[in-house]
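This structure is in structure tokens; I'll ask about it shortly.
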Amino acid sequence: MSMNQQQLEAFVQSGFAQAAFCGDLGIRPTACGPGWVETELAILPRHSQQNGFVHAGVQSTIADHTAGVAAATTVAEGFSVLSVEFKVNLLRPALCDILLCRAEVLKAGKHICVVEAEVFALKDGAKRLFSKATVTVAVMPIADTQPR
Amino acid sequence: MSMNQQQLEAFVQSGFAQAAFCGDLGIRPTACGPGWVETELAILPRHSQQNGFVHAGVQSTIADHTAGVAAATTVAEGFSVLSVEFKVNLLRPALCDILLCRAEVLKAGKHICVVEAEVFALKDGAKRLFSKATVTVAVMPIADTQPR
Amino acid sequence: MSMNQQQLEAFVQSGFAQAAFCGDLGIRPTACGPGWVETELAILPRHSQQNGFVHAGVQSTIADHTAGVAAATTVAEGFSVLSVEFKVNLLRPALCDILLCRAEVLKAGKHICVVEAEVFALKDGAKRLFSKATVTVAVMPIADTQPR
Amino acid sequence: MSMNQQQLEAFVQSGFAQAAFCGDLGIRPTACGPGWVETELAILPRHSQQNGFVHAGVQSTIADHTAGVAAATTVAEGFSVLSVEFKVNLLRPALCDILLCRAEVLKAGKHICVVEAEVFALKDGAKRLFSKATVTVAVMPIADTQPR
């Protein structure tokens, strides 16, 4: 899609606002450009697993969704995306107040788009990488992404 | 661990009760045995993505956590597990009232355990498979799974 | 494709005969049906990694290719498949004389097909599972699978 | 391991020389440093799949092995690595004379090491990325990586 920065930001914003589960968790976009999106999530006690770390499911959700919206910024008008599969490596137990994610398209294809997403926190100004995901999405006419 | 069925059920129950994010979503175990666990989740509007389907992050969370607890039933006393990585294929858009998951250990190793998890719904008595995950967990002394 | 068993076997046979790297390794199909293919490979010293085990690359090749041909048996006339991605778990070091693989389609879609492939050896009549792969292939018109 | 550049190069060289399947394909290291290795492979007709592209199995082999040796440069004396799992995205059909690979450690852990490997060719001085893999390896005492 050919959008100016303001349109792009509105598009990305709505890509999160329309997904109830992103709202439920508290994920929100903070920056974007063509083919990339950044998000953040204020970590609450309810986001944790049994030992107090951020649950892998929370990390996967922010990675998958940020990746999907990043991919969506690259597709033609009238098309949208659905996740086909993703793989995430949990590199170290995640403890933080604010979880950050940056997703960037690795390959934008006509039918398939591959996106990488890093989930991290900032500590003393440096990136502490918690997990890294590779997300494959299918590009399809918007109608095909809707329930029938 | 050598546990009788009652101990196993209590162990599995607490494997979900202690994980805040599982409680937040509403995931609960329904059946288990050595090396396998089954769970369910009543789907609410807040679990959906932009088109009304169950969010990939919800499917990943139930798959990862059910797999982790299934793996935990196979480790020696004093040991626990942490997810190293997982990969999930989203086979079709998920629409359902009750999401089900069954995780089963494929290979129980001393250091690494590999688990498969299927996420599905029942429809007319048949399994409608939404996604399938392969989860790799590390087996480690309980102390190493705690925040330091 | 609607093929009788004889046509199916010829189709599968040619799916390996035309792939030079399968011939180079020595991979050959041994059985098939709609949506599944079985193959075998006589292990030679040149297939090994540094410790004498069957190289992960050999296991990946037989898994990926057997999966691709299994997927190809499910697509419509005029269409073919290309691998989009795969993930393989190496469950234990592989030592054997004959490596076997069975690939079976998990979900046959119009655009995307997901296949599972197990790589194993028989020992005392039982399956010794070395690795398990999940392979995602794209279904596309035959012309789109050819170099331009 | 603490090695000077000459020792590191000898170590990496032997990491390929001792793996018969790497020699069989023709994979050879071209550069290395602590935590990274680069390799190349002159593509021959026998490396191709049915349409003349470099087989996914060839790409996986160079990615997995280059990643494994990159990981091995980061482990302590007396330890070695074995691949636990990997995932590879095949981004576009691969046509080239010389296949290149660069693997770089993303996270070097005491028990688990995660490595990223890019498989590409140079065209007009630019990188043409064919596939990208994420490889998880287990770090273990050398004796545990040997057949018993």
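We just call them A, B, C and D in the order they show up, numbering each chain from 1.
FYI, contacts are C-beta pairs under 8 Å (C-beta built on N, C-alpha and C of every residue); 3 or more make two chains touch, one makes a residue touch a chain.
Because the structure is a prediction, the values reported are computed rather than measured.
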Pair of chains joined by more contacts [C-beta pairs], B-D or B-C:
B-C
Of all chains present, which has the mean Cα position farthest from that of chain B?
D
Cα centroid separation between chain C and chain D, in whole Å?
22
How many angstrom lie between the centres of chain B and chain C, each centre taken as the mean Cα position?
29
How many Å are there between the centre of chain B and the centre of chain D, using C-alpha atoms for each centre?
33
Note the residues in chain B that touch 2 or more other chains, in rising order.
84-85, 87, 89, 114, 134, 136
Parts of chain D lying in touch with chain A, wherever the complex brings them together
87, 89, 91-92, 106-107, 109, 114, 129, 132, 134, 136
Given the complex with chain D, which residues does chain B contribute to the contact?
84-85, 87, 111-112, 114, 134, 136, 138, 140
If you look only at chain D, which of its residues touch chain C in the complex?
15, 18-25, 45-53, 55-58, 60-62, 64-65, 82-90, 93, 95, 145-147
